[in-house]
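Handing you a structure now.
Letters A, B and C mark the chains in the order given here, with residues in each chain numbered from 1 onward.
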């Protein structure tokens, strides 16, 4: 057992190849002039150009963005307040809430998706609310986003010196002033990082969107899924490349924010 | 006595919106599928009375025409897929995390980030890319037929092999990150001491290294095993029609078959697997009592 | 640190800026553990008051109860006669210097110092000059634009101090303010804190586990143990007249000799001990004959081979001599008991006090203390 051996590095490089081969092929083919097949026929930006005139793509993009922005904003508020309550104020019941937060993380997507589908159906029958569409997709996304936001914010809260709150109160700040001038500014990088994470989760979700969506609320991943089922076109490569770029940028920004020191 | 320190505890109200949301959109829906799993399929889809355990009997193999192993097999296959994926991820993640932990600080950050980035790219995109990479006529398929792994002209996709590749590529980061957290903290002096005392490489790993990385490995295993068991997009896109699994069986019951009570029963089985997995993780990683 | 600017000094020159604190029967329990087990304490206006004790004795809890950061389960607390327990921390006329400093990491030094005044809603015009003065007072003016992460430990300490005193609190609470600093810096800041307190006239309540620090800085010291205050007195009195074993041993080294009172003549007690009868000056308490007592004597008050043997002289074996610079420490053995003695190295003749030799030990009656337990 040594820290570095040729075996470990060989496996590591193989793993990186496994992780990046699919990404690379999609990116490369998004610039390939060939309509089909694996052959390289010169570079082109045609597929990207076509994306911008494809009405289905435009509408799926719009739906995805509306869903991601709305659900992220809601999850950021709900996750942050929950993290604050758990980390600072709750004495009893904390274990229960921790368990509740673990469920969306570990439950298979499909189980959450059909459970929501069934629940929305009941609500529709009994109370005439939750017609499948944007609202239901957003509700589903917020549900699986909350634990991730709460997790990131809690990590930041846990790293904060509890004496900071006390110092602020000692200096005459009211509860609201403590929150406004000390807690919130210090938490902000964590909240933004959590929100970025939630945003990419929403943008990438397929299963919940597929089951909770209705006609006219097709998100990008759902559109890609149906396209893949029909046969991939180079436009899908281009669309996928853009989607990945957005997710990667959001994630890298989130990580940089998380690394900013609490102290 | 009414004192300052007691007053601030009213802050638990902060948790109410979040808990309320999860109660409404997580707990109620899960209770709903639990309830519906004991109902009977309606004439035109949907569900109704009578209350029955028929759905669970069907899942366990009691068919209308005697024993029918279809669903037990599907369940077993899903568990095997989850388990196999977790084992493969473990076998790859150990050398990977050791490699990363051995790098200098700057490279380590880069290497870790590189493990995380694909995790945030779209699963569907990565999965269909494997269709391209493993499909008939691709370089990899041709190489495989040259060494006789498959017949000429065939592709590595669709197949169980393709599913395994897709699953491992998707789930590896979930295993690598918690494992890395343990590997990074490894006390190498223990391994050196063991080697110094005459342990061979396997003994060093088994007695000096494994106990230290076990919590990370358990966390990674559960984090892969649970979602992998219910995964249906990857088998759906890479496995072809022949590989029925818990995930796509549920999808089918809620889709084409429109047998919601039966689909709910399957989803409940998925929940039970999750519960058992989480319990196992807590039990395996429980804080050890320190010997006096 | 600089002279106090005119405005602050003159305004309060007539009477104390500081407030008196009166705590009665304060109790604070955490589950079965009683951090404060009936603490009564009276702190005078404008004094430098230290609370000294080992870790876990409840001293920080007492400070936090005074600050309002922790509640009391029973008892009462008043500052300048006004009942405080029901008043939240942000409305109490006290400010705290925290052990970890608790500087706001997202704010500059200037914004940290002005925090309290801004929270009270003072206008920027009122805030700015007071902040500048406070920063000058502790000599951190040049750091005004920096973030706490860019400061050294000593500088952080000064910022924490400025952030508290800028609010002109009636009482300043200091929770182990110097614990995180190295020895030399600690000594320097002790002096500065002391003179700052004298000039500002605020009441300083200072918590520490460092007895030397408490002795050096305080007007009076409360020694705490296991949630109770054991003794309150000036440093000199605590050292010379400790009430019980705990105080005697916590402040400096001490020889303890158990014995039984055999006679009393005027204010002189005769106590039978293993080393023979010792004469002691009786304290205020009345000790009947045959009561069990413990006598204490500081090592530096033990005399070796005195020119004129006193009444409390006996012979002992010198076991060990250890030269530690200015002083030499001796371990003596008599009647199965070990006694420690410390002499100025200068006064120890070369060769006269060697391990193994027999010596005459004298315990002067004026140096022997009768302890309560």
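Here is the rule we go by: a residue touches a chain if its C-beta (ideal position, glycine included) is under 8 Å from a C-beta of that chain, and two chains touch if they have at least 3 such contacts.
Since we're looking at a predicted model, the values are computed, not measured.
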| item | value |
| --- | --- |
| Most central chain, Cα average position | A |
| Per Cα centroids, the chain farthest from subunit C | B |
| Chain centre separation in whole Å, for subunit B relative to subunit A (CA means) | 18 |
| Centre distance in Å when subunit A and subunit C are each reduced to the mean of their C-alpha atoms | 56 |
| Distance between chain centroids, defined by C-alpha means - subunit B, subunit C (Å) | 60 |
| Residue list for subunit C, restricted to those that touch at least two other chains | 68-69, 88-89 |
| Set of subunit B residues in contact with two or more other chains | none |
| Sites on subunit A at which at least two other chains make contact | none |
| Residues of subunit C that touch subunit A when the two form their complex | 67-69, 88-91, 94-96, 98-100, 102-106, 115-116, 119-120, 148-149, 163-164, 167 |
| Residue numbers on subunit A that touch subunit C, as the complex places them | 161, 163-164, 166-174, 177, 181-182, 185-186, 261-263 |
| Subunit B residues within the subunit A interface of the complex | 8-19, 21-22, 25-30, 32-33, 36, 92, 95-96, 98-102, 111, 113-118, 120-133, 137-139, 165, 168-169, 172-173, 188, 191, 195, 201, 204-205, 208-209, 222-223, 226-227, 229-233, 237, 246-247, 250-251, 254, 260, 263-264, 267, 270-271, 274, 277-278 |
| Complex interface listing, subunit A residues touching subunit B | 1, 3-5, 7-12, 14-16, 18-23, 25-26, 29, 37-38, 77-79, 81-82, 84-86, 88-91, 97, 100-104, 106-112, 114-119, 122, 139-140, 142-143, 146, 150, 175, 200, 203-204, 206-207, 211, 221, 224-225, 228, 232, 236, 240, 243-244, 247-248, 250-252, 255 |
